[in-house]
Amino acid sequence: MSAGAQTATNSTAAATNAPAAAPALPPPTLDQRVSALEAYIQNGNPSASLMDTNGNQVTANTPIIGVAGPGHNTWMMTSTALVLFMTLPGLALFYGGLVRKKNVLSVLAQCFLITGLVTILWWLCGFSMAFGPGTGKHGPFWGDLGTYALFKGVTGASGGVSTPWVSLDVFACFQLTFAIITPALIIGSIAERMKFKAIFVFITLWMFVVYFPLAHMVWSGTGYMSGAANPASAGIKAIDFAGGTVVHMSSGWSAIVLCLILGKRIGFGKQNFTPHSLVATYIGTAMLWVGWYGFNAGSEVGADAVAANAFTTTTLATAVASFVWPMWEWLTKGRPSVLGFCSGAVAGLVVITPACGWVNPTGAVWIGIAAGTIPWFMCFKVKGWLGYDDALDTFGVHAIGGTVGAIMTGMLCDTAVNTLIPMQTNGVADHVKQVIEQFKAVGVTIALSVIGTIICAYITKALVGLRSSEEDEIQGLDISDHGEEGYHG
Amino acid sequence: MSAGAQTATNSTAAATNAPAAAPALPPPTLDQRVSALEAYIQNGNPSASLMDTNGNQVTANTPIIGVAGPGHNTWMMTSTALVLFMTLPGLALFYGGLVRKKNVLSVLAQCFLITGLVTILWWLCGFSMAFGPGTGKHGPFWGDLGTYALFKGVTGASGGVSTPWVSLDVFACFQLTFAIITPALIIGSIAERMKFKAIFVFITLWMFVVYFPLAHMVWSGTGYMSGAANPASAGIKAIDFAGGTVVHMSSGWSAIVLCLILGKRIGFGKQNFTPHSLVATYIGTAMLWVGWYGFNAGSEVGADAVAANAFTTTTLATAVASFVWPMWEWLTKGRPSVLGFCSGAVAGLVVITPACGWVNPTGAVWIGIAAGTIPWFMCFKVKGWLGYDDALDTFGVHAIGGTVGAIMTGMLCDTAVNTLIPMQTNGVADHVKQVIEQFKAVGVTIALSVIGTIICAYITKALVGLRSSEEDEIQGLDISDHGEEGYHG
Amino acid sequence: MSAGAQTATNSTAAATNAPAAAPALPPPTLDQRVSALEAYIQNGNPSASLMDTNGNQVTANTPIIGVAGPGHNTWMMTSTALVLFMTLPGLALFYGGLVRKKNVLSVLAQCFLITGLVTILWWLCGFSMAFGPGTGKHGPFWGDLGTYALFKGVTGASGGVSTPWVSLDVFACFQLTFAIITPALIIGSIAERMKFKAIFVFITLWMFVVYFPLAHMVWSGTGYMSGAANPASAGIKAIDFAGGTVVHMSSGWSAIVLCLILGKRIGFGKQNFTPHSLVATYIGTAMLWVGWYGFNAGSEVGADAVAANAFTTTTLATAVASFVWPMWEWLTKGRPSVLGFCSGAVAGLVVITPACGWVNPTGAVWIGIAAGTIPWFMCFKVKGWLGYDDALDTFGVHAIGGTVGAIMTGMLCDTAVNTLIPMQTNGVADHVKQVIEQFKAVGVTIALSVIGTIICAYITKALVGLRSSEEDEIQGLDISDHGEEGYHG
Amino acid sequence: MKKIEAIIKPFKLEEVKDALSEIGIEGMTVSEVKGFGRQKGHTEIYRGSEYTVDFLPKIKIELVVADAQTDAAVGAIIKSAKTGKIGDGKVFVSSVEQAVRIRTEEKGESAV
Amino acid sequence: MKKIEAIIKPFKLEEVKDALSEIGIEGMTVSEVKGFGRQKGHTEIYRGSEYTVDFLPKIKIELVVADAQTDAAVGAIIKSAKTGKIGDGKVFVSSVEQAVRIRTEEKGESAV
Amino acid sequence: MKKIEAIIKPFKLEEVKDALSEIGIEGMTVSEVKGFGRQKGHTEIYRGSEYTVDFLPKIKIELVVADAQTDAAVGAIIKSAKTGKIGDGKVFVSSVEQAVRIRTEEKGESAV
């Protein structure tokens, strides 16, 4: 199942209704109890064998229904820790190494701020907005405030039919780490010049305007673009295993818009903006890669064969892309660079993200080649031609990479890997149909991100202003925004 | 169950007696075998269904009794690796970044020394002293030397009735990582001036005088303050899920005492003691957070719903505290600092530690707010008023944070989260009772730590002296104690 | 079972034949289904109870046969991520910190290059050559190109009889991370002077000439030295749990040969070659340690009691060695150094690698003492006497450590820990027999590594040359090979 | 020959270098220094400990020029380094008795 | 005007700065240097390779002062930098011909 | 007394130090600097942004010597620092009026 399939929309219902109904039902048979245990191994629905052909439960629950299973729960706790590790310290170091020394702490502070801020929003209402069932007309676009606000009913019990073996609270934490890293990615574009207060306000608004709706649309059981979790009634039957649209496209396209509104850094194109520590960037890259296993293989919400496939394709695509990008540098500039290896790896991770649980290993290799080539071309050529100042290349890598990934997912998805593909792609015609759905999802995502960011940016500008003063920018944001220096002595 | 409940006191007994008794017993029924498998999913006792109402075993063991279960064992191996990661390199970097450049290696060396030294002590007799059953009068305070000395009987078989699904040797390693990080925390207070040899002697003594007894008292099945693992006969029915008393209070209160005995660093209050690398501190903080999931959720010794709850409350409290601390800075000093984000996160982790498996998500948010406020106030205000030189704020964060956590655990614990709460807190009166137990445990812990540290410090002073020479301190401990420099060229 | 036992040689056969045969067979009984579930807990063969005494399957598969089990699969995904973490960023930082500032990026680039390059080779044919069954005369020495080339048949389904609970694709990724770190270790010897292009060519050749054959010989079910996985027909009945021969001896002995062919660094013995950042080396060491849990305990390919034992012995041996090495420094040079703690830990990890799943905790302590002593003596004394320029001591630590480990494994292995020991070591005589087998494997490994490296090195020299120009070496490889600097401003 | 030492704001280095190149100066030596002067520093707070940082990052440029070039060089530096705000720095000129180019052992003005 | 260059022990910087401030000196430039002299260094050992480190960390203070202030400044430095132990450092005085404040283009003693 | 300032290639430092020690010079101060001159730099590319780095790492050695030692010292530096390739650096000599040893307050040539 894809990340989409895990939406826990009816979980509390399932967990609380069943016991209530139980007294009237005969106890489960030994066969049913064994079937439920087998469902644990298969990451399947343990209640299946309790149902008659109409889906009515005919015996009482076995003792393990509603209980999270240790293997799957372990994988999800591990995955959640890994995805947090991607932001803190992974992304912080990756980005922090690329800025000038005088701004390193500002990047670090921004990542940490987002972690705390988004957690609070998620607990307050974000999880409910994104993964609450959402009824009525707005159901496909927006969850609801009531179901999980203040983590009501978010306990260690299993998350329901679609995530039967994982604690709902662990699932909520797992999804939280996605909600954290997405806005943190935006920072790359606007580094070294946006003031801290403005980032605070902008991100708060952006979560409500862009992220919560998009996560709901793509991953919720009632979502508008949720081809896997909402196969019956999704308006757009797109697939996105781990967040090509929700995470990378949304952050990347928002980033370029914010970057254009904000303007270039003082001295751009004239002064030397060399990364202050490629060693930090390298450590960050490696941590991103390692953490990304939680991001991608964790998005299966269970440690089954699809998770294993996602793990494998992530490995292949990333390694290939990390190889291809510096080879292009070698060919065109005479030397393969460390930043090239790092950029290639991150690009590979981005492009495989939507695809990892849908494509086979060979598909992953193709994706790796594309990931090492197209974002490279964006950063080395197109960026120069267009002249925008996307400081750390969030656009070139995440927006373009996420878009390429979304489309290639439709081209390369394989029903032998995952049976939930809406168009049951068995030939070119099916793939064309799936690609069309993917293009629609790409269009909606870009539109929402661009318009949402324009709105949030101008509100922020009106409230607190966007840019640091010239003096602060020259002195460096570490001292002006945080009263500290990164290194001393 | 709390960390306490996992004490493996009768594990080898269970593992060896059963087979001996088996021949006389009829084989287990299919129902019993299925029940044992279901117990695996539930992290329950697989032998329960083999017993009659008097607790006598009536059929032979099923094939999986005494066998560690893969999901739970995986979680505990992962958790153990994560807790080691907290010390090496997490804490080492967190502390190492805060000292001056000339002392960075000394902090790193001290953390590594403690890792090796404590491992050897643990293998020799420490595990046995802390988690050996302990009989007779001293039983509540001290284990025994015989049971597990030299890791006798510490094998991959399951650890017994209270930790049925985890290998005893993995449990011993997990607890070892706690025994490592606790003395390593003390280093924060006495950084930059205590000589290496003195740290060696002091820590060796301190493990015997303070740590092993305290771990036994709080977490062993016969412990004096072990309200969860020893509900029947504990003198103080306190609860401490992952080490608020054993780890943070013991290290923090010992640290301040040692710091006062040692005196201030040369130049304190006059020279500039700016942290030499907040980037290192930041990386260390993030690693602490990630590793702390093993510390807190691992303390359930299994991947069940309580572990999931501990995981979730750890996330919430930490994120909230990391947000609140810099907000206080912003309010009072005009700027939120990176060190503020880091300090808040660590404070949050400390305060939630005793509470994580007992409180619900809302309780965690309250704890996060307290953690971002009280230790902040200690470091920003009280420390200045009192004028002690707690170099890296072990007292302000760990002693005070651990104490606040111990008490708030009693206030906020929730029987819906964990049924093992001694006072079965269903109303204000029960909570008051539990809080009183918590206060008693706080008192005992402080008394033991303070008195123990005074004894160990003066013995150390008599044997090898405590402080580095003035010349060494000025030159920096890296060169004088280790003959190396942290950075070169 | 040892790493060897996991070879998945007949996995696809098992996975595909069974269903084909199924229609004719009666369905499995409830007892058989429960037995298969119990096999999951025990990491045993789930098909065992389906067989008659001749090993013919008499009932159809239960639903979980061929399905990876969540607990074991989780452990192997976690372990794979941990082993990748060892190379990126662990080893890269460990080595990167030890070189001079002007060469830090070159080491980082080399590690990343190897990661991408080896992944591509592994996918193309390497996995098939190493773990393909291999038939006929060459079968003991070399797999085949057909079975798994381009990851054909490498899916999320379970890997077969010998790794029944782990996805074959996860196993392939796990083994890939070993194939990555092995050549990356070689870099230590030839750091700061071998040109990037030459490393590219050399490593490509070396994988085919040394690594793939050796991995096959030691770990495949048909391997020549695979005493555990091929007990019936292995020519040399040696045991190597996680890669003492395949990983450490092969890289270490190859490294010294390449280092001698390459010659010393300019200025060796005259200029100051102080490590540029022991902080980086320390972080790298800690990451190696944490990641090595995946390497060692993961080599059981399942989360059972042997994995738990490997986890425990790894902890003990490493901690002891990290303590012993600096104590020798303290005794002989007056000061224990941070580099000593780090070197001791790495040496401990190396020496316990072949032994971890075969020896008991006491054996591990002995191994730790040897590991802190013998490699220390090599680096502090022998290296000086012989005068070779093994820049980062790959020979002293990995070649010597791996060799010591291979032999001590035979001396200390314990049938109570693992029943697969070929010589069923129950007394001195059996141990002597096992040690003789170990010596044979040591001999073959050294011969293959030395000869293979000579061949590869001279081919590389002929094709592209080996050394950087004098000017490039003085300027530093970062600028000359990669056009970048590690730190700026 | 004269030695010119200029203490400037770091971000002005490129401009000063270009200005000097333009008037034909092809050698100089640069170092990172900290300056204490009228330009006020800033306060840094680390967990409640406040430090006033009044040594600010500056760049020192040293160049030895022929007597005849001195005024032009000083002028070029002043023009290119000036922002008009406090902390722009200083230029000092002193006399050099001898200069040698190590590579060729040329002496005097032809060495610089 | 005179240029005073003082090589001092790093941990004495604050004291020297204060001493100079007291006698009314409000500008100086400071850099991190390594000193070689009579003060003996130490040995560092990295995996058996021993290196003698005889370049020790020092701070160099440069300040240009009016002729009249020179003696006072030198005196203040000596007094505040002295520990009496080997390695305390040196003070050198030389002559400066011109000084310009970049911001205002003031010249001579009013520029320093 | 004279002040000798030498800009040399970094990897030559040990040799120069030894050469100076041999002729009895027992004090000097060293700093890391960046040099701009005829020696051409290199290009660095970071994700498509190309930067020409023409400030190259150099070492500056400063030593104050008695007048009589000047020529010997300059000669020793030149000899030991020379590689014959562009970028070997310069030696500048200027006059120092006063030198004080902080520890003893000795003045003049006995202070260096």
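Note that the chains are named A, B, C, D, E and F in the order they appear, and that numbering of residues resets to 1 at the start of each chain.
The definition used in the following text is that a contact is a pair of C-beta atoms (placed from the backbone, for glycine too) under 8 Å apart; a residue touches a chain by one contact, two chains touch by 3 or more.
Note that the structure is a prediction, hence the values are computed from the model and not measured.
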| item | value |
| --- | --- |
| Partner chains shared by subunit B and subunit D (touch criterion as defined above) | A, E |
| Fewest hops from subunit B to subunit F - one hop per pair of touching chains | 2 |
| Which listed pair, B-E, C-F or C-E, duplicates the contacts of B-D in over half of its pairs | C-E |
| Between subunit A and subunit C, centroid-to-centroid distance (C-alpha), Å | 33 |
| Interchain centroid distance [CA atoms averaged], subunit A/subunit F, Å | 55 |
| Rounded Å distance between subunit D and subunit E, as computed from the means of their C-alpha atoms | 18 |
| Touching two or more other chains - residue numbers and ranges from subunit A | 30, 34, 37, 40, 69-72, 74, 78, 272, 274-275, 283, 333, 335, 337, 339, 483-485 |
| For subunit D, residues that touch 2 or more chains besides their own | 31, 44-46, 94-95 |
| Every chain pair meeting the contact rule | A-B, A-C, A-D, A-F, B-C, B-D, B-E, C-E, C-F, D-E, D-F, E-F |
| Partner subunit F, residues of subunit C touching it in the complex | 267, 270-272, 474, 479, 483-485 |
| Residues of subunit C that touch subunit E when the two form their complex | 272-275, 329, 333, 335, 337, 339, 343, 379-381, 383-384, 393 |
| In the complex with subunit B, residue positions of subunit C that touch it | 30-31, 34, 37-38, 40-43, 69-72, 74-75, 78, 82, 100-102, 165, 274-279, 282-283, 285-287, 289-290, 293, 297, 302-309, 311-312, 315-316, 319-320, 322-323, 326, 333-339, 341-342, 344-345, 361-362, 365, 416-417 |
| Contact set on subunit D toward subunit A in their complex | 11, 14, 42-46 |
| In the complex, subunit F residues that touch subunit E | 3, 17, 26-31, 64, 94-103, 105, 111-112 |
